[in-house]
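See structure below.
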Amino acid sequence: DFLHALQHDIKPAFGSSKEELDIFLAQGILSWGEPVNRVLTDGDLVISQIKTSDQASLITMLLEGAPGTGKTALASKIAKSSDIPFMKLCTPENMIGYTETAKCQVIKKIFDDAYKSPMSCIIIDDIERLLDYVPVGPRFSNLVLQALLVLLKKNPPPGHKLLIIGTTSRKDVLQDFEMFPLFKTVAHVSAISTAQQLIMVLDSTGGFSDAELQSIAKKLTGARLFIGIKTLLSVIDLAKQMQAGERADKFVNLIEDLGAIDYTGNVCL
Amino acid sequence: DFLHALQHDIKPAFGSSKEELDIFLAQGILSWGEPVNRVLTDGDLVISQIKTSDQASLITMLLEGAPGTGKTALASKIAKSSDIPFMKLCTPENMIGYTETAKCQVIKKIFDDAYKSPMSCIIIDDIERLLDYVPVGPRFSNLVLQALLVLLKKNPPPGHKLLIIGTTSRKDVLQDFEMFPLFKTVAHVSAISTAQQLIMVLDSTGGFSDAELQSIAKKLTGARLFIGIKTLLSVIDLAKQMQAGERADKFVNLIEDLGAIDYTGNVCL
Amino acid sequence: DFLHALQHDIKPAFGSSKEELDIFLAQGILSWGEPVNRVLTDGDLVISQIKTSDQASLITMLLEGAPGTGKTALASKIAKSSDIPFMKLCTPENMIGYTETAKCQVIKKIFDDAYKSPMSCIIIDDIERLLDYVPVGPRFSNLVLQALLVLLKKNPPPGHKLLIIGTTSRKDVLQDFEMFPLFKTVAHVSAISTAQQLIMVLDSTGGFSDAELQSIAKKLTGARLFIGIKTLLSVIDLAKQMQAGERADKFVNLIEDLGAIDYTGNVCL
Amino acid sequence: DFLHALQHDIKPAFGSSKEELDIFLAQGILSWGEPVNRVLTDGDLVISQIKTSDQASLITMLLEGAPGTGKTALASKIAKSSDIPFMKLCTPENMIGYTETAKCQVIKKIFDDAYKSPMSCIIIDDIERLLDYVPVGPRFSNLVLQALLVLLKKNPPPGHKLLIIGTTSRKDVLQDFEMFPLFKTVAHVSAISTAQQLIMVLDSTGGFSDAELQSIAKKLTGARLFIGIKTLLSVIDLAKQMQAGERADKFVNLIEDLGAIDYTGNVCL
Amino acid sequence: DFLHALQHDIKPAFGSSKEELDIFLAQGILSWGEPVNRVLTDGDLVISQIKTSDQASLITMLLEGAPGTGKTALASKIAKSSDIPFMKLCTPENMIGYTETAKCQVIKKIFDDAYKSPMSCIIIDDIERLLDYVPVGPRFSNLVLQALLVLLKKNPPPGHKLLIIGTTSRKDVLQDFEMFPLFKTVAHVSAISTAQQLIMVLDSTGGFSDAELQSIAKKLTGARLFIGIKTLLSVIDLAKQMQAGERADKFVNLIEDLGAIDYTGNVCL
Amino acid sequence: DFLHALQHDIKPAFGSSKEELDIFLAQGILSWGEPVNRVLTDGDLVISQIKTSDQASLITMLLEGAPGTGKTALASKIAKSSDIPFMKLCTPENMIGYTETAKCQVIKKIFDDAYKSPMSCIIIDDIERLLDYVPVGPRFSNLVLQALLVLLKKNPPPGHKLLIIGTTSRKDVLQDFEMFPLFKTVAHVSAISTAQQLIMVLDSTGGFSDAELQSIAKKLTGARLFIGIKTLLSVIDLAKQMQAGERADKFVNLIEDLGAIDYTGNVCL
């Protein structure tokens, strides 16, 4: 029955989350520019803090950025590089169709498990989804919200340390919910914004000839872009289905259709 | 009892959906014009992408257009022509009167089944209906919405591929729900808009004499139409009940009553 | 207990509805004017369509008009004259105090039964009541609404035909609910609007002397009326309790009190 | 337990309501003026209609007026004088703390019982209270409202007759709820509005000397009053506790405090 | 378990409430001025009415005033001085954390018990709290509200009498809820408003020397105060903790901090 | 199962809370300035009142201040220094994911236990969180709110005394909820506002050389700060991870990033 299925479904969430992180990292982290490094450096600082400090037993970090900019992958990368033995992923993917009570149970279980380990790391992925947030209304699960608001402040037992890494594409919503200030470190995950950065990605993924790359670079020179790495990788994949001759043009068309190019080159926001 | 009935009702939904697709295609796809081909071509591209790409394991496509323009039939056509072995239909027709929890269970089951197959295709038909959406309020099932928002982003397990084809006549609502950007390919399903296209349909369905066709064509020359193929086929059917002498006139009257003709011929919208 | 009672209450709804139709037709259909005929003619067309067409397997018709104008009686009349063997009445009278879930079950059962018959007819009476609609709020049962929105579009199985006749006095509400366009034929049920039509009714019901009829006719000459047949029959009945001498005057007073007479005779609306 | 208690509590409601009516009539009906007679005459007409008419099987009447004007007593009086054998009282007093589902059950039971009798009368007292209506919000029980909206239109079985008498002090609310037009006869229950009417009541109840009556009459000459009979009887009762010497003055003071006197004597409303 | 606990918790509420009244009266009633007497006189009148009148079987009285002005104590005083044998206290203190259904049960039980006694008195303390009222929203329990609206109008059985004394600090809310007019007698419980009244209280409670009293009186001469007796007693208690030398000054400071002094001495409100 | 877990989870909350207080005090109370002393003095007064007064049996105190200003630590400090034997902590940390009913049960149990002891102290920490408050909506648990509104007024049984210490960072919300006036003593917990106070904290925590302290002091001279002690300690901890050379500068940068420095030195609020 359903309850049985629920138990069954929950189980994997209580095992090690290491493999799950690997899935999010399957396509790797491309070093397309300075913004990527900045996030990783912030991650390093936070990891060093939790490892060496005597005082701080609870460290919280938020990765925020537009949809598809690579937040989940970067959070996984940071968590993985920390080598903290107890590692848990708290993601809406494992709670589809759960009632808010069931969600709270799962979340609480993850934290209770973490409190038992001397040093733990929890990734809370896609917070607005975990909250069942939708701007129409707006509606959201206050039960889950209140649970997170408490958990993000609650110290682990004496002698234990906990690193919490959250991700969101709705920083504004977290501010409305008064959750934002509970993250003591906040790193902005940027979209790709220059032709140079884009070419660096195309170069890494392969599949475009040098001539094509040059043609694309020329078209985009001076233009201002705004496209997340996840979206970009998906567009590249689609473009690869096209014939060699028209691939470069089609590729530029596709990202134009997404409204991701501003040819004026003047950023006025 | 009801629970028993529920189990029973759900069952067919978990079998193969191939026959269900055939029902939606019973009246065939008439090639009444360029817009029809464009949608089918987009479908081909998406199918080729899921079949050949190494990277993309989750492909999402949306068919959006006014009510009765043929979205469900076209989605069925594309899915069928893909020859993907695991094919599932997620439609509100199979969930009448279900609670939102029951709906989520069914939807989750469909996806869980799909994840087990190396290559699968899921049609999510009539998304606004699946969400129990009504503009008064507005009201909708947030539980189902959140489930879809997660499922439309969640990658199938490594080595598995999934194609999701959604249909909706409320593109604006999907935008408000922040679901729209999760569809990486969007195809617009058009209404019939010229007399020529309409005559092409009348010609295919038969039942009108050449003289009648010419009379209709003359009346509509230069007029701007806006009528979905489904509505048009139903009007044609009604007109066939009428006497031969008055059929052509009555037919034009009927589509006039629907507000589907703009005689100015000037499209200002 | 209650559940037992529920089962018991539901039962009659699953038997034949023929006798129920007769109750609605107990007072007969008076041919008080052209508007009555128009509705009946539209009904004939729809019946001929479902009987002869090869294409259309689902035919939907809506009778809409002000409260008390005779919608339920006319729908019953059309359904009865169709001679379709499987005939079902889906009316709020059989679902008093039901939860929305129970309502959905009953409605679904009616449709599932109909799908089993090669040709069926379902009357959905008083749709706004079935939806538990009230303008304060507004409030309504979204569960029932969504069920109807799907059922009004869902084709019966191949080889089966279904005629759905709905009635409502809130056309505007059905438009807000996006249910209106799902009815492919819409017939307006009119109120009595001229003295002549009213006299025709008085004449048929009897109980007024010729002198009284002439006196009434004189008073109302040139006036614009707006009174439904059901209300009119009830007022006639009340007037009959009065003494012969004052009956004609009192009758005119009663319909004046209802605000149903506009003596200016100029219709500006 | 509670369910047991519920059963127990409901029981009396299903017995005869004759004695209950007597309770409401314990203080009798004082003939303080024309408005009282008008209501009773309307009641007589309705009773004669249900007794003699062949056509009308459902007669509905509403008594509406400000709080404390005697609606419940007058409804009881009319019902009692009809001598209809089956008589039921549907009053919120018997449903305190019931859920809306329980209320609907009770109401439905009352009507189902009535349908079994060839001629029945149901008093629906204090409709706004039965609906759990409160203007803050506003909030109300839509389940009960919808049940009443259907029951006030539903004909009893062929050969049966039913008289429904409702009372309310919120005519406006019933209009918002589209329930008002379902009452085919509406009688307004007036407050006492002249000094003469008031003196008539004081005279009937006794306890004031002639001198006191004259003193009161003099003070109030020409003033416009607005005080329900129930409130008035309660004030008289309180005044009787006072000493003979000051009784007349205190009595006038008490109704002044209620804001029930307008000394200008000019009615501008 | 909880239900067991509930039963257990409820029990005391069904015993005699005499001792509970004594708790509310532990600090006694100080005769600090005319307003106190007025309330007690109104109480006497109401008690005499219920004891002697033949007519009135239901007497309702409301004590309303700002928070901490002594409403609960005065209601207890009046009830106690009536010597009515059956005495019940309906207070939110006995229903903490109850669902609205449980509250209704308790309230109904209190009234049902009272109806069995020939003469009873029920104190409904802190009505806005009983209703779970909060101005944000506003939110409140409509189930409890509707129960009270009916119970405040419902006559006890023939031959029985019932006195209901309510207290509230939100007269405005009771008006919005249309509950206010159901109280036939309303007494306003005043705050202390002059220096003289305050000194009278200080004098009664003791602990201040004559010099201190004179010093306080001098400071406050001509000032307008607004402080409830409950608040005042608590401030006096706090001041007593201070050293003799600075007590008088600190005391005045404390009530200044409460915003309870208006030195202009001109009341413009 | 869950219920079992619930029982289990609740248990510790019913034991002694002394150890829990120690956790909140692990980092001690630094005497960084006059505002700290003021709160502690207010605490002393309240403790002396509950210990010596004959009258007051219920004493309520609120610590309010911006997030991270040390409210919980100061409340723990005051409670601990009182040496009251029965000490309970009512904190959202022990009720994560509880339904509002479960929360009320826990809270009620804490108070019922306290009433049994002759002298008790209850800390209600983070009241807005206990109420599940979120400004979006706003939403909150009215059940918990109403329980607290009653408990904050309810006297313990005769001969028993109770001290309640609440903390909140949303004084405004408590005012909207009409809970604020129920706290008879209110102490404001201040943020650090001058460079001098900040240096005093840095000095106490150690880890900065005298040169660094001087450099920081110089930079901040005359500037207006606004930073809670909790936030400050966390920033200090982070700064300690940095290299000695750049530590002072980075530290000032970090608090600048928090928007906690106003260099104009003019407080205009």
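Per-chain residue numbering starts at 1, and chain names A, B, C, D, E and F are given in the order in which the chains are listed.
Keep this in mind: a contact is a pair of C-beta atoms (placed from the backbone, for glycine too) under 8 Å apart; a residue touches a chain by one contact, two chains touch by 3 or more.
The structure displayed is predicted, hence computed values, not measured ones.
Without chain D, the contact network of the other chains remains one piece. At the interface between chain A and chain F, two copies of one sequence, fewer than half of the residue numbers in use appear on both sides, so the contact is built from largely different positions. Inter-chain spacing, taken between the CA centroids of chain B and chain F, is 57 Å.
Here the CA centre of chain D is 33 Å from the CA centre of chain E. Here chain A touches chain F in the complex through residues 45, 48-49, 52-53, 55-56, 101, 104-105, 107-108, 111, 138, 140, 142-143, 145-147, 149-151, 154-155, 157-158, 176-178, 181, 184-185, going by the rule given at the top.
Residues of chain C touching chain D in their complex: 2, 23, 26-27, 67, 92-93, 96-97, 99, 126, 129, 132, 134-136, 139, 231, 233-234, 237-238, 240-241.
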